Amino acid sequence: MEQILRNILDNDFFVYGIMGIVPLVWIVPYALFAIWLERKISAHMQDRLGPMRTGGWHGWSQTIADMLKLLQKEDIIPAAADKTLFNIAPYIIFVSAYAAYAVIPFSSGFIGADINVGIFYIIAVTSLAVVGILMGGWASNNKWSLLGAMRATAQIVSYEIPSVLAVLAVVMIAGTLSLQEINNLQTGWFWNWFVFQKFPFVFVAFIIYFVASLAEVNRVPFDIPEAESELVAGYVTEYSGMKFAMFMFAEFVNMFAVSAVAATLFFGGWNSPFGEFLSGPIWGVFWFLSKGMMLVSVQMWLRWTLPRLRVDQLMYVSWKVLTPWAFACVIAVGFWMML
Amino acid sequence: MTSQEIHEKIKLQFPAAVLESKTEGVVDPFIKIAPEYVADVASFIRDNEELGFDFLMCLSGIDYGKGTLGVIYNIFSMKHRHKLNLKVEVPKDKAEVPSVSLIWNTANWHEREAYDLMGIIFIGHPDPRRILMPYDWEGHPLRKDYKTPEFYQGMKVPY
Amino acid sequence: MMRKYFIDIYKTIWSILIGMRITFGHLFVPAVTIQYPDVKPKLPERARNRLYVNMDDCIGCLQCEMACPVNCIEIETVKSLPTDDLGTTSTGQKKKLWVTKFDIDIAKCCFCDLCVYPCPTECIKMTDVYEFSEFDRNNLLYNFVTLTKQEVETVKAKAAEFEKEQAAKKAAAAAQAKAAPVVAPAQQSPPAQPS
Amino acid sequence: MAEISEEIIKTSTGTTLRHEEMVINMGPQHPSTHGVLRLEVVVDGEIVIDVIPHIGYLHRCFEKHAESMTNYQQVVPYVDRMDYCAAMNMDFGYVLAVEKLLGIQVPERVEYIRVIMAELQRIASHLIAAGTYGLDIGAFTPFLYMFRERERILDLFEMTCGARLLYNYMWVGGVSHDLPPGFIDKAKDFCQYFRPKIKEYNDLLSYNEIFIKRTANVGILPKDVAISYGISGPVLRGSGVNFDLRRDDPYSIYHKFDWQPEIGKGEVGTVGDCWDRYMVRMREMEQSINIVEQALNQIPEGNIASAIPKRIRPNPGDVYVRTESARGELGFYVISDGSGKPYRIKARSPSFVNLSVIPEISRGGMIADLVAIAGSLDIVLGEVDR
């Protein structure tokens, strides 16, 4: 018996499976919490209260109730839709969002896979979402969905460039692509964080990365793929029930993923801001998650403040503003390092 | 310009067109012209320097009963800030009035509305479709002798 | 051209920061939401909601029915007999008609207040009750008549009888004008009192 | 119906590509058509080639209803429902028309009350217009701030006449209720409270660079086109035409107040673009506050019921009366045949006319621009379809 247990525990695939599921332990409560938080933040910014009834205290269980409702809803597939593509699209989007968590270091002691091309891997898998979005938009056989999907594709592909360039500035300083190592380089007090190094170039790079990541996860002011006042709901127009929930879920998962990457690259990841104070693997999780949530909150804050850009302006921002500035940062950081 | 002068001017230009002109004893002074002259009068009063009626405020179709329909043009001049009420009367069985929608773009939709609800046909209208009622509706509801149909496409109308 | 580019970037960032300051400030402004079923706002005195008819005061003058632009009020009246005492309204007016039907289809009502204005005894009025949704549309047809069905029947029958008698009387009187007078006093019983 | 052009393009590799325009139905159920408006849009990718509006989904034939009423007063609730965002302005136009037909003069206090109500309603309506415009552009928060302010105006209305949306407040010859005690103080409080709010909205939305980029130089409506299409109200003034019926064709007692119409100046773009139209509304709110404050200070005491006629029987005749509603020139053409019933009422609704210009100014823009243009015209479908 013990032997069998030992065999199972020694089995690599079992360990991989466990490691694969562990992020879900964070992601599922996080997504439910983040949706609730977004409602609350938006409500209080607009002098409202937001959900107050479900579950008692400030409607804390509203999103759980919503999820249960979405689970029970009829799964409608439009008659004219391409059924296979329509069905797999949400999963592809979710997988691409979730796969990024494999290399995100939650603390010094926990990382799914400490591969030496971690950041490169994240950039690669998150761009897979484009495939899912295009698939969903095309398969819905709805003109609004199609327009939304086309917009999303153009947007995500073009915003990858400034975001990668901004990341490159950090990678140049760190000299590594491994996220865990990048974290180790920022240990100590908060002025060791990369965002405060080579000031202001890395700081500008952070702004560029943050703006570009907003576009990559389709948040305001770059939410034009699902612009509800123009395209009804963009590529999710025809989705309902659990498939819609998958899109929603993927969006929030993605929001945290890009925030986590930003926290890792620019804000020291799991490092405590105060040197040795409250540091260690357990507190590391706390610091990492709070930094990530901080950035998620800023994303929400922006969403409830700003209007939406137009398609051509979106392209303008990417190609004529962010990309040149990102290049300038990379070059400036390079020169600084040569000095 | 007073209404009297405006009416005089139109009379001078189109002696045959003016049927009646009233400036006193009514709430709003009006001038009634023969239907076939509407487009000519309209383009004259718009382009004439002194009149300059460039703003069509309202165009209404009216069922006078007794077998006549009417169209009323309430026109205003942005330049000179004076008004003119133009009336036209046509028999119901031959309710045709020249369109003025190329003279004032406002008239485009108003004439469509008058056609839709009153059944007045505007000759030369660029887009003579119904506007408020469904495209396959029968009859013109604002006529005084209009009877509500019982069914519209199999649906009971007075539900 | 280049200058405009930088000015645009500056303006964008600056206006975004201003906007963010405003929305952040509003996080600390108390919410204006009213938690409706728990907290109910006090309606002003003139609130126009559900109609109510005080049948004790109604004299069946049909003014409100005439004033209604959507015909949601339906009233039927029957003449009372000269010997009936229907009482008086609170304004002291003598009631002369049996109101046998006073229906308001509140689903049709447009809450315009036009029926309240002409009422001579101020018996129809708008109240501040606004929670009256129903699952069945028929429940929104309100009957305000205080007479029971039976009473309505009797009243109607009596009125018809009286009418007939009056007609007979008239005929008789007409005949009498020609011939000898014959008087036939009508037998009457007091009408059922509305409960 | 829309015509679609199709062409075959030969690529350099010798294969052929079919290039075709696409027809999209924007509406009748669409988040940014402000009701049940259907725009049949021919697009080439994101570029709008043509727009064909289809209206009538909310058609109730108000004019037929009016003819079947038993008296003139009963029409007022129907008039309310034309422009449900500015019902007071609707009432005002209608009762003025009937009063002119009757030839009666209302007491001065009634005039003041009407002006106060109409201007408060104009603010409320412009708040909706600006708020939903922000919504169209993607900014959600200003919308709720503006609705909060509007709520205070509705509270004032509810206090006065008991209704919050469809007031039936202005009657032929007067108003249904006198001002309630405490109204004047409350209204003054509101004016004081509201002034600084306008600045906040301007900071948050009007001068936000993204908002400017979305609306400036979009949907430019030149002066002459606007006049030819009979455009009126804030849309016309946004095109730089200094024309306001309250000043240029004065009715009621507007000549007694010190205010001026706001016109579009093209500060951030071209005169007559969406931003100008939007900004005219924002500035008009300030002017309306001015008028309300002056009226509240000057309002005389008096009896308001004296002029309400018991029976409304105008002499045979017809009248066209126009007023400046929140959306532009609201005209009522009323014909009386001498009986107690209106013989024919035709409403010239500003939204109906303003909407007709949409194909003209949205061609060549993008779908997002079409949304911005439709929002800046500020149409209310209840009034378009009547």
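For clarity, chains are labelled A, B, C and D in written order, and residue numbers in each chain start from 1.
Note that a residue touches a chain if its C-beta (ideal position, glycine included) is under 8 Å from a C-beta of that chain, and two chains touch if they have at least 3 such contacts.
Being a predicted model, the structure only gives us computed values, none of them experimental.
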item: Pair exhibiting more inter-chain C-beta contacts, A-C or B-D; value: B-D
item: CA centroid of chain A to CA centroid of chain C, Å; value: 59
item: Euclidean distance of C-alpha centroids - chain B vs chain D, Å; value: 24
item: Length of the line joining the C-alpha centres of chain C and chain D, rounded to whole Å; value: 33
item: Approximate Å spacing (C-alpha centroids) for the pair chain B, chain C; value: 42
item: Touching two or more other chains - residue numbers and ranges from chain A; value: 45-48, 304-306
item: Multi-chain contact sites of chain D, meaning residues that touch two or more partners; value: 141, 145, 148, 204-205, 208, 210
item: Pairwise touch network: line, ring, star, complete, or other; value: other
item: Every chain pair in contact, whichever chains are involved; value: A-C, A-D, B-D, C-D
item: Sites on chain A touched by chain D in the complex; value: 42, 45-48, 143-144, 147, 151, 220-221, 223-224, 227-232, 304-313
item: Residue ranges of chain D touching chain B (in the complex, touch as defined); value: 55-56, 59, 61, 63-64, 100-101, 103, 225, 227-230, 241, 243, 248-249, 317-320, 322, 329, 331, 333, 335, 344, 346, 348, 352-353, 356-357, 385-386
item: Chain A-facing residues of chain D, complex; value: 22, 24, 30-32, 46, 134-141, 144-145, 148, 204-205, 208, 210-211, 213-214, 366-369, 371
item: Partner chain D, residues of chain B touching it in the complex; value: 26-28, 30, 54-58, 60-63, 72, 74, 78, 81, 85, 104-106, 108-110, 117, 130-134, 141-142
item: Residue ranges of chain D in contact with chain C within the complex; value: 69-70, 73-78, 80, 141, 145, 148, 151, 158-163, 166, 168, 176-177, 180, 200, 203-205, 207-210
